[in-house]
Structure formats: structure tokens, C-alpha cells
Amino acid sequence: MTVIAESIQFEAVTKNYGRVTALREFNLEVAAGERMVLLGPSGCGKTTALRLVAGLEEAGRGKIYFGDRSVNDLPPGERGVAMVFQNYALYPHMTVAENMAFGLKMRRVPPDQIKARIDRAASMLGLEELLLRRPRELSGGQRQRAALGRAIVKEAPFFLLDEPLSNLDAQLRARARAELVSLHRQIGSTMLYVTHDQVEAMTVGQRIAVIAGGELQQVDTPERIYHRPMNAFVARFIGNPPMNLMPVKVAGNRLRMGGVSLQLPAVWAAWLAERPQGEITLGIRPEDLVLRAEAGPAGCSFPVRLTWQEDLGAEAVFYLQAAGELELVVRGRPGGVNTGDTLWVEINWERVHFFDGPGRSLGRPQALDRNDRSGAGGA
Amino acid sequence: MRRFIPLVFIAPALFLIVLFTFWPVLSTLHLSFLQWNMISPRARWEGPGNYLSLLTGREFWLAGYNTLVYTVILLVFNLVLPYLVAYAVTRVPPRRQTPYKALIFAPGVISLAVASVIFLWLYNPVLGPVDILLRHLGLGAPAWLTGYRTVIWALSLITTWKLFGYNFIVLLAGLVAVPRELIQAAQLEGASGWQIFWHIIRPQTSATSLYVLVMTVVWGAQYVFVPIQMLTNGGPDYASTNLVFLIYQYGFGFFQAGKAAACAVLTLLVFLVLILLQARVLEKKVYYED
Amino acid sequence: MKVRRWSKEAPWHILLILTAVLSLLPFIWMLATAFKPEPEIFAGGLNPLPAVPTLANFRFVMERVPLFRYFANTLLAAVLITGLKMVTSILAAYGFTRFRFRGREFIFYLCLVSIFVPVQVTMLPNYLLISHLGWLNSFAGLVIPQLADAMGIFLLRQSIRTVPVSLFEAARIDGAGHLAVLRRVLLPAIKPAVVALAILFFINAWNEYYWPLLVLNDKSMYTLPLALQMFTNQEGGTAWGVMMAAASLTALPPLVVYLLTQRYVVDSFINSGLKG
């Protein structure tokens, strides 16, 4: 079962609720058949964007295109969208089969075709045994499948999902993520997936659109979102524990942060010399800091005190304090250290990020990417 | 075009409510300045004459006073008592609640006309069971519906019987909605049954109580109209006439449309003042759910 | 343990039993008298059970008044009022909850205010209007002014608000228009409240006394509650058995409806946010 997918395009869309702006001058293009995840904190406007595509909200300004048609004035029922709601929104008085059939009946699909589509969707989702049950007789996971089933029987070109996994427990969620991706491969429609969960975004999305404060922050592949964040917000929002961000001052080949002074590698020193001077921020992911029991060569490492550690079994998270109120989080192997110990931190300079005053990424020296191992490609 | 869709849904009800409730209020206001017997094609402008004759006459004040007495009686019998009974229901296990709920609500489905006729028989001074019982107990048997002092009580009781179950259910709904966690938290802190009632249940149900109170005042006067009209016609000598019955009597008894309308306007004002007063007095004490 | 619980509950049970008995006694006395022959009634006494039960009183009622005609009048009016009032209330409640438009709250609260306007304040103009239209002594005059009820709109609005908004949105995405959403999604979802309200409407319409009193003068148009009046005013005076038989017949339909649906009605009143 393959549908003819189409692209979705937001063109300078602005949406206000009263005085609150949910989306501001929003531009985004989703390719036909793509899996696009809209990711952001709650209230960032991602759900508004999804509802605008569904036609449940009307855009204040700007246009939304499906392919090359503007759909601004099209009611939801005529847009060819299928949607999975956060609370599933299954009709409580209908059986699973009736839930799936309802939208098709409204569209006057012939009964024999309705039956065929329901059977096909049921076998794809393993719903065969549940078709005659009502929503209240289903478990959370079964309801989620039923909601997926109701969406896919429509064979719609657009498949919208609003936090579809947030009501599942952690184990089911991991399985459901993989199933969703394989389901999408089978049906091939354009998928727009809203979540606040970065793990879901990274695993489900072919591309991720990070949204904050009603504005698009970055659209990219999961790898690039993680390894090449375009601003400090994206850098901190993705990754757990989040990236360490520290205001730094650069003078020649010296870098000062808090009460720590470090030697900058030549490639960075030369590159930074060409950038605008002033307040900049250094970003380092917790796994890109190395914790050592002893000091390295002078200027390459700095002393810290271990204030707290979380042993997660396979790895540990260390909370550290350095001179000048500087706080750091480091990921490493568990064991061997005690809270209160003095340790040494070394920076993996190949993986650091610099941001300017307003938080925009300064990019990185091209020289570094020749032996880049992140797989994320050039800047 | 799409802007008018909601109107399509609201229009039928709104049209009827405006036509049969709001327009008549304005029309009544207009009528109240006329002198008209409802039959002759011409009505005479009377100015404030109807109001003056009402306010200087005896009937209006008597009816006003009686309305107040009815209201106070009904508030005790149809707010305080049903509240107590509804609370009692919440104190017995759910399994045993059902028959009580069903039986106590039952009179609510009976027409006030039926209730009036039944009580006419119950109150019969010679053969009615009430007086037979009182005589058995060696007490005097008053003529309930013809005595100046008893008639309001007798008529109120009829309304009480009919209205009790409905108010009881509404109040029970309020009591049932009190979150169990609140009561359990108080129990853990060692509060007594009475303390829990006074400090948690009573304030948590105050919105419901206020609703029942307002409804009892407004509807009580209308409900009590049926037994008045059927059984006493406001007598003896206006002793059971309330404002609502007085409107009816001026209009459909004496065909004085203007006076009836003036009385209606004054009644509406009295109710308005009562409701606003309640709202003001209780505003601070009421805990609202949303 | 058991004894202690009983002693704690007992006072409440006593209060409840007393209330239930007081609620029932008038019914019992009504039925008892209706089945007693005249001499037994005039003998007085407090025994509710007729020594020689008789249907004579009922037979007399049927001879005196066109009982079936009154029954039919009342039923027709009550069914029309209930059905149409449900339609106007459901439509309005849907309009007030499912749309956002200017003045929505204002119009809604304006409707609510009508609950507080006593019928007697509006009766003169309404009577005059119906009489101008030539609708006195007609079903149109009896039924049409009773076809909208702000209380019903309010209660339905409360229950519609308990339905998750996403359910309506899912239906819109499924391509359902407003009427399809109403019929196939909303009404099934709030069925208990709708049925309870319809029962309440029916019982109230059946029992209505005041408006029929004004617009019906022709005895052939009378409804049952209105017809009862004839037994108190004229010939009724001393014929208690006949009067109670007529009262029993008038009370019977709403009582039967209530007995059949009792559990359902009471519980959905309690659960449907009737508390306002």
C-alpha cells in the first residue's frame, strides 16, 4: 500500500492566539515522502504548526502549500491528512473497526473497499484480534495501534502525529518508535511528527526541525543537529546531559573561562583570530571532556572538584566545579573516584563549539573536518 | 459565510428565548404604564398610576410579606433539610444508597397539580389523615387551608414535598464531587467527623448550595403558585397570596393588565435585589470549582 | 466490628428512612383512597389498605371526563415539547461550545439569565401574543412557547465540555460535517446526559400546569394536570375517591417513566454536572 506523497511548505506563516504569538514568520519545506520531526519545548509552536497543516487552525498570515497548491482555505476533511492525536481521540462508542471505517464512510468509500483496507491495516499493526473491541477495552499500547490504524486506512498523502508515544511506558515507546519508522517505509506518505522528546526525534526523524519561541531554529539531519548545532539553544536542547556552555575570553592562543586559563590549539587560535572579538561562548558535550586522575601537560588540563556523581551502570555522569564558579558535567566510565576528590579535565578540541554573543554558532575551521569522525560532514 | 454557521445552531433557541422571555419583559414594562382590560382595542396611558395604586394599596405589601415568609420556609425545608439528608446518604455505604436516592427523588416527578390535590385531601379537617392523627394524639386539628396562620405553612409543605427530591439530588451531586483525597487527608490529620464536615465539605459544596439557594428563591415563588391557584385562590383574605399569584389575579382574575404588569415589574425587581444581595453576601464565602 | 459500624451508621439510616417514608406517604394515601369505596372513605381511620378494594372511582372519572382525550393531549404535547426542546437545546449547546465567535459568552449568559425570569412576569405579553396569533386552545399555542430551555442548554454545554476536543478534531479530519459530528460523534459520547435530560424534559412537560391554564379554556383541549382542577373546584368537593383516582391517573405516566429509568436518571443527574 503506497500513497502518492506530496511536499508540505510553510511560507512566512504567522499565527497568533490573542496577544500570544505561537508561530512567527515560519518557513519550512518538508519533502514528499519525508519523515520530518518537529521538536521543541512545550509551548514552542510545534503543535500549532502541525495543526495548521491539518487545517484545525487557520494561519493568520502566510501560506501553506501541499505540492504547489495553497491549502489555506481548505477544511480539514478535504486536505487528505491523517492524524494521530496525543490522547488518540478514538471514538469511545465505536469499535476499533468502526473507528477505522468512520473517515472512509464520510468519504463514501465503497464498503468492500473499506473492509479490505481495514483488514490490511489490521494485519500491518497486529490488530486483527482487537477489531471488535471498544477503546475502553484496550490497553494503552493497543489504543495507540488502533489510532495508527485509523490513520493509515485513509491512505492519505500526509501523515500527522502529535506526540503519539507520550502516553506509553518507556519499554513500549522504544518498540513503537521502530515500528513507526517501518510503518512509514511501507506507506510512504509525507510524515510530520511532533514531539518534545529528543530521543524520539533522533530515532524517528530523517530530518528534525527544532522550534523554540515560535521560530524555527534549525532544520537538519539528526546527526547534524547533534554535532553541528547552529545556535546555543539547539546545542543545549539536544543531548542529555546537555552540552556545557561557558562564557570564555580568547587572547592570542590563551583561552580563559572562569578562573581557568588554557592553551588553545593552533588551528583554533588562528581561526578565532579572524572572528569578531568580544563575548563568546564555548560549548563542549559531556562526552567530549576527559576526566583524569592526574594533571596532563601544562595548559592542557585544569583541576576540578567532584561535587556529585551518578552511576548509571554502563557509564557515569560527573558533576564538577572548577576555579571561578565554573560548573561542568562530564560523561565517563563509572568507578574509581569519590565525591570531593580533586581531578583533572582535558578537552577534546576537535569536538568543541563556539557561539557568539546572541548565541549563533561561529562554525569551525575547515582543517578540522578532514579527520572528522563524527560522520556529520563539513560545516 | 462561515462566520454565520454558529448562528444557525444557536438561532432556534435564541429566537424562542428572546421572543418568549426577553421581549415580554420589555412588553410588560410598557404595559405597566397603561390602563387596559385586555379586551378593548384601546389602552389608555396611565403613567406611574399603576405603581402608585399598587404601592399605596394593601394587597401588594401583604403579598410581598407573604412571599418573604414562603421563601424563608422553603429555604429551611428545601435547602437546609435536603442538604442534611444528602449528607446522610454520603455517610452510608454506596450499596445501601440506591433505594434512598430513588425513593426520596420520587415526588419530584409528580405534577404540582397532583401534589396539590393529594394534600387537599390530606389536609381535610374531618377525614384527612393529618387531622385524624392529631386528634388521636389529643391535639387540636387546625383547618389548614382556611386558617390565617396555617395556610402559608400548609401550601409551603406541598411545594416542599415536590421540590425536596430534586434539590436533594443536586446537593448530593455537590457532596459526591468533593475530592475523597481532601477528606482522607483531613482524617490522617485527626479531624473529627464534624470538623471534616465544617472545614472541608461545607466550603467545598458552597457553590452548589448557592445555586440551590437562588433557585429555591426564584422558583419557589413560581412553584407555590400552583397550590395557591388550585386550593386557596390566595385566601383567606390574601393570607396566602404571594407576588406571583397577585400578578395572575390582577391579570386573569380582574383583567387589569396594567396593574398586573406593574406588579410583575416590581416582583422582578424584588427578585433581582434578593439575588444580588445573596451574591454579594455569599461571594466571599463561596468556593468555586473552576 | 460489624456492630460498631452499625451503631455509627444507624442515626443516618433513621434520618433517611424517615425522609423516604415521608416522601412516600402521600403517594400511598392517594392510591389507598383511590381504591376505597365511598363509605369506607367517609368512615375515616388511618388504615391505608382498602377493606373492599374497588375500581368504582376510576370508572367514575372516566365517565365524568374524556380521560383518554386528556391523556392523548398531554402525551402529544409532552412528546412534542420534549423532542423539539431537545433539538433546540442540543443545537444551541453545540453552537456555544464548538465555535468561537464574537459575543459568544455574552449571548450565552443572556440566555442563562432567562432562567431567573419568573414565568409570571412574562405571561401577560405571551398570552396576548398567542391570542393575537389565534393560537389559544391549540397545540401550537401550548407547545411553541415551551420549546427553548436555557437550563437544558446549560446542562448539555457542561457535558459537551467533558468530551475531549481532539475527538471533534479527529472527526473533522475524518471529513465529518457539523451535523455528522453532532449525530455520530457527540450525541453517542454524551448519551447518558442526553437521555437523562430528555426524561427530565418529558416529566416536566407532562406536569406543566401554569401555561396550559392560561392558553387552554376549551375543555376538550385540557391536559391531565389541568383537568384535575375540575375535581377540586366543582363536583370534586366531597368525592375524595374520585379525586384521588384522577390524581393517580395523572401521576402514573411520569411515575412509570421514572421507575423504569430510575437508576439511570438519578445517577446521571448526579454525574452530569447538574449541580451547575
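Which chain is which? They are A, B and C, in the order written, and residues in each are numbered from 1.
Here is the rule we use: a residue touches a chain if its C-beta (ideal position, glycine included) is under 8 Å from a C-beta of that chain, and two chains touch if they have at least 3 such contacts.
A quick note: this is a predicted structure, and the numbers were derived from the prediction, not measured.
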{"item": "Nearest-to-centre chain - CA centroid comparison", "value": "C"}
{"item": "From chain A, the most remote chain by mean C-alpha position", "value": "B"}
{"item": "Interface with the most contact pairs, given as the two chains involved", "value": "B-C"}
{"item": "Inter-centroid spacing, chain C versus chain A (mean Cα positions, whole Å)", "value": "58"}
{"item": "Geometric centre distance via CA averages, chain B-chain A, whole Å", "value": "61"}
{"item": "Interchain centroid distance [CA atoms averaged], chain B/chain C, Å", "value": "16"}
{"item": "Footprint of chain C on chain A - complex, ascending", "value": "54-56, 75-79, 81-83, 85-87, 89-94, 102-103, 106-107, 150"}
{"item": "Chain B to chain C touching residues, read off their complex", "value": "3, 5-10, 12-17, 20-25, 27-28, 31, 38, 84-85, 88-89, 91-93, 96, 98-107, 109-122, 124, 126-127, 129, 132-133, 136, 161, 164-165, 169-174, 176-177, 207-208, 211, 214, 218, 221-222, 225-226, 229-231, 244, 247-248, 251-252, 257, 260-261, 264-265, 267-268, 271, 275"}
{"item": "Residues of chain C that touch chain B when the two form their complex", "value": "9, 12-13, 15-16, 19-20, 22-24, 26-27, 29-30, 33, 41-42, 44-46, 87-89, 91-92, 94-96, 98-99, 101, 104, 107, 110-111, 114-129, 144-145, 147-148, 150, 153, 178, 203, 206-210, 213-214, 224-226, 228-229, 231-232, 240, 243-244, 246-247, 250-251, 254-255, 257-258, 262-263, 266, 269-271, 273-276"}
{"item": "Chain A contact footprint on chain C (complex, rising order)", "value": "164, 166-167, 169-177, 180, 184-185, 188-189, 191"}
